[in-house]
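Labels run A, B, C and D following the written order; every chain starts at residue 1.
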Amino acid sequence: MNFTDPGDYRQRIKKSFARQGVVQAINAEISRIEHRLVEIELPFHPKLTQQHGILHAGVIAAALDTACTYAAYTIIEPDASLLTIEFKVNLMSPGRGERFLFRGEITKPGSNIIVADGRAYALSDGPAKLIASMTGTIMVMKGREGFEE
Amino acid sequence: MNFTDPGDYRQRIKKSFARQGVVQAINAEISRIEHRLVEIELPFHPKLTQQHGILHAGVIAAALDTACTYAAYTIIEPDASLLTIEFKVNLMSPGRGERFLFRGEITKPGSNIIVADGRAYALSDGPAKLIASMTGTIMVMKGREGFEE
Amino acid sequence: MNFTDPGDYRQRIKKSFARQGVVQAINAEISRIEHRLVEIELPFHPKLTQQHGILHAGVIAAALDTACTYAAYTIIEPDASLLTIEFKVNLMSPGRGERFLFRGEITKPGSNIIVADGRAYALSDGPAKLIASMTGTIMVMKGREGFEE
Amino acid sequence: MNFTDPGDYRQRIKKSFARQGVVQAINAEISRIEHRLVEIELPFHPKLTQQHGILHAGVIAAALDTACTYAAYTIIEPDASLLTIEFKVNLMSPGRGERFLFRGEITKPGSNIIVADGRAYALSDGPAKLIASMTGTIMVMKGREGFEE
């Protein structure tokens, strides 16, 4: 099995995604996996809202963090795992739409620290609307206790 | 009805909380409301985890953002509403525990912009363990379209 | 005087820049002004370092914040002014180089809140090296006391 | 030489501080060093301002990052060094005052990653005024190339 085989990280990402309680619960789906880039899509549901009826910031953060982390999976060795150290989210427009797209991309690869940027879009009729951005810092771990894949 | 009556913001917070789809879905409860401080508690559930079986960063962000926003509710006028502009979360320790406590406190009040800080703790036997922190920037809105309470 | 005249914001930016004590002190220069984008360049100097001899994070933050704020100047009305509410900086590679380039771009325009993203590069022989990124939240103010231009 | 000797990290911090080009240039001084806490003071100077005549965000970031990093020096082994990965600054009130105080404190110690929080205050007649806060993520390095102390 060759790490440079795109099928490799695709399978590891899908296997890991299937174990994500939260993203399963919100019906998120991985819609695109490329080298250094992952996209997640999510249909609107009233359970995903905050008090104003728009997509909850926590859902946006969860989906962006997931997209960023899986984008990082495409650049690490198969036996390494990842842990998000911190992230910042800017909420730019109210999260209204029929579907939402969350894109995570690697800004800075690294053997210890990876920096990824994410963008969240609301999809309806018409052009996609940017609703939020994330910058996240992700630590690469090799065989640490409790975090094995 | 007097804004300085502590019962006032308590009731508005509880009413708003009851309309929060996400925090209802994760069984979060408001456990403390004081002037400039709100605490939320959450029992552990496997649905709230990420791929390593620990509390998902998105859940932590959702709960901390909620605690910070409601802390801000205790210092605004009854007819104003709030919108989180951005937040940063540092994930410090794996979110393992039987219950979790999320405290939001006002660091800087303001008529337009409020800055709040949050801390998340895992509760089990023994002392509470700090698992995450948040700094959030919240905008005060007066009668804006689409955000009425 | 027409706000859409590119010469307008260029002159206001240069006039404001000339009053910036800090960026003058570090010999920064504005090298590019476009609609929604401003670049600042800075030659290396030992006074700009931290204890490891690389560009100090504070210098990077100052230059990125300045580039982002001036990018915002290109989209506001001439009598408005700007105040950075908060920013986050990721330091990705040591700031070593002969010159440094700081680019600020508008990610989300707004009448009250503008979100800008910045990137810092080290320039030497060879390709530019990404050394840092910033996301900043900027408030638009109209005739506020103490902040008039 | 014993690491637990408070004199140890005090001397290493002062020695490192003396090599900081930027903080020397702005006349900052270390005014307090305790276990997990460092304070830096800075007199106002027109060279430290932005276009509105108040303390430049980059100066605030530099001083807070320095205070946070030196707070981290008090908890690491003598042969380790530190590198700030990222920080977020909230600017809460205009930086006006005769002097400024920057306090950095350790929020989460760690062998690889340290999280620190900083607060900046303006000092004049009357009570200190909170002007800014920082949360920073600092990496502990052991004998890495290019970062030796």
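Keep this in mind: a contact is a pair of C-beta atoms (placed from the backbone, for glycine too) under 8 Å apart; a residue touches a chain by one contact, two chains touch by 3 or more.
As the structure is a prediction and not an experimental result, all values here were calculated from the model.
J.: Give a one-word verdict, same or different, on whether chain B and chain C use largely identical residue numbers at their interface, taking over half shared as same.
T.: Here the answer is same, because the shared fraction of interface numbers exceeds one half.
J.: Could you quickly compare A-D and C-D and let me know which has more C-beta contacts?
T.: Most contacts of the two pairs: C-D.
J.: Approximately how many whole Å separate the CA-defined centres of chain C and chain D?
T.: Each chain's C-alpha centroid was found; their separation is 23 Å.
J.: Using the average of all C-alpha atoms in each chain as its centre, how far is it in Å between chain A and chain D?
T.: The mean C-alpha positions of chain A and chain D differ by 33 Å.
J.: Touching two or more other chains, which residues of chain C qualify?
T.: 85-86, 88, 90, 115, 137
J.: Using the touch definition up top, name the residues of chain C that touch chain B in the complex.
T.: By the definition above, chain C touches chain B via 85-86, 88, 112-113, 115, 137, 139.
J.: Looking at the complex, which residues from chain D come into contact with chain B?
T.: Interface residues on chain D, with respect to chain B: 88, 90, 92-93, 107-108, 110, 115, 117, 130, 133, 135, 137.
J.: Along chain A, where are the residues that touch chain B in the complex?
T.: For chain A paired with chain B, touching residues are 16-17, 19-25, 45-52, 56-59, 61-63, 65-66, 81, 83-91, 94, 146-147, 149.
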